[in-house]
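Starting off with a structure, shown below.
Chain lettering (A, B and C) follows the sequence in which the chains are written, and residue indices restart at 1 in each chain.
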């Protein structure tokens, strides 16, 4: 039976499951899109990914215990962050390698716990996300993140801009760059813990890195970049849910792929722009 | 606790099974490859690359499995392409912060999972592709593992000194008369090829369990590059075999078991070294 | 005395317009050349061109054999599991990198370490040596290469006096052996001890014997605003010194 364009747009909203999924991605997009600008400015993609992979044991244990996913994710993120920080202190190994060790161990532990035959857990959803399984608690958590995370970003806005622009002078001007970065990492950890429900441990990086990549360097102020990021994130999220609804693909992965596609478009446009300009000559 | 221990299978019994012997031999060979190249991966700070090159092959494996052509060749094509792309990107200094690479891996995983669960509906096999298997390894996997070990040993014998010189002092190395650029590419390609060899056993997400973690543990103790390599191989083989045992006992794939064992070893080793009595006994006098 | 380095109107760039142009000089065997110039003026660029790492965008450049290069020790990794001897051994890789180190190679490396006064510290990890000792190890690595031409990138910057003295003695020995040294530096005073001085600031300002070439005008053209004038030189002439801004590289 042919489906008209109006139906295409309206149908997902009539299904309770998809309506909640749409709400979830909209909420996540509103806070993770702007946050993505700072992830890019502070080069936090690799730490974000490490947090996302490292929290898996927490997620699994929470799921096994029947607790809300947010609790497991929160605990997982906290432990992972501490472990990475501790391991990174050995100069010989270097923080990259130490992070890789911690992350593969933690991730492996999560998988091990989840795959034991006596303990059936939906590992696939924990890894790749389950927006269609969003509960009211999850929505409340996402809403909370928007409020608290948004407030934090507003409060921290000027320090974040100052430290990103020139860390040394910001320090001289009385800010504490180390503390600003830690505050940002806290917001990031919270965002990872909340977003992991919808996108999964393996794909959550998309919502934190793709929006800024899609926006590129075109925005004139950080505020505009963050607003654009929010729009991209929310838009891609909606596109992902819609395509999952109509085409039948896994919802979390669809959202992630939509975000990556937006990033690719942004990257291509930046690449074309860069080739058009002659590069600076090195000293 | 005693109930847990009582459930431990007898190693002798396990080895009677042909599949176990095959897995043990294969993991042993892969550990040799991973231990040797891992030493240089750690020296050259390529840990993330070894994780990424394995992950990137995931969609290729899904497509090959469904379309019926060689998964190994598909993975090899992806891995080599990724290695060459990484070399190119590193030269032009793109992607500081790793966002582009991270997103590329997300896209690979997302595409792979949609293809597996919704397009090809091979969802049940995804765990094997991601985390490896201890029981379904075949003779050709073993042959490939042997080839990987041999290739790694030859490459390290020929290029080991060059890799060391370049990692130690990138700007000064070119003047030494060594093929520094080609050696870099060679290392990336070696890791890519041996990671592909390891995919059936440890899966695409946990390549680091053999290629980074044992070498990282060894790095905590080794005072010279030669001892780093030797220690790295020893630890890798031990962890691979113990991890295999644990995976058969717990009935989980080998990848996660080896990874957990490795990380635990690393944690214990760092803790021991951080204790006051053991503190700072880094070898000031290196054996000549 | 034949030339070990010949440069004719060379221009070098990094893909765009040349950052260094109009370089013309010739250095004979057994001579030492001090290369002066501000940061970014082209000293390292010239060295890299001489090593063949950068193609010329114009002119000609010829060097006898493969030059040895000593960069500042800060670029090498201090956490690496290598001893001083291991580093010196790296000098034997050239042209035979696929072979393991032979006994003869080890002896050459030990000899080189002895020449720089580090024979008793050969087994100590590189990162645990002092700054001056590390610089000397890198020089030993260059000595092992047995090159006719040696390039030194600010070798005495921030080095303790003992090491500086040893390094100076090594330079004299190398010249006596008939090798050619090019040493980039910010020390205008020290340049007076060299056979020739090459002043670079995006282009060649001057080349020749320091007494003939290092007048106020040449220094002004080379260093511009970085130049300061100190009173009270030997014969009433004002002494010149360079105030160098060390930018983060």
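We take it that a contact is a pair of C-beta atoms (placed from the backbone, for glycine too) under 8 Å apart; a residue touches a chain by one contact, two chains touch by 3 or more.
This structure is a prediction, so every number in the text was calculated from the model and none was measured.
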item: Chain labels contacting chain A and also chain C; value: B
item: Result of counting contacting C-beta pairs for A-B and B-C, higher pair; value: A-B
item: Most centrally placed chain - per-chain CA mean versus overall CA mean; value: B
item: Distance from the mean Cα position of chain C to that of chain A, given in whole angstrom; value: 49
item: Rounded Å distance between chain B and chain C, as computed from the means of their C-alpha atoms; value: 42
item: Intercentroid distance (Cα basis), chain B paired with chain A, Å; value: 27
item: Contacts with 2+ other chains: residues of chain A; value: 92, 94
item: Touching two or more other chains - residue numbers and ranges from chain B; value: 219
item: Touching two or more other chains - residues of chain C; value: none
item: Touch list for chain B against partner chain A, complex; value: 42, 45, 47-48, 51, 96-100, 102-104, 106-107, 109-111, 113-114, 117-119, 123, 126-127, 130-131, 205-206, 208-209, 212-213, 216, 219-220, 250-253, 255-260, 262-264, 266-267, 270
item: Touch list for chain C against partner chain B, complex; value: 51, 53, 66-71, 75-77, 80-83, 85-87, 90-91, 93-95, 97-98, 100-101, 122-125, 128, 138, 141, 145, 151
item: Partner chain C, residues of chain B touching it in the complex; value: 43, 157-159, 161-162, 164-165, 167-179, 219, 222-225, 227-228, 282-288
item: Complex contact set, residues of chain A against chain B; value: 39-40, 43-46, 48-49, 87, 90, 92-94, 96-102, 104-109, 111-112, 115-117, 123-124, 127-128, 202-203, 205-206, 209-210, 212-213, 248-250, 252-254, 256-257, 260, 263, 267
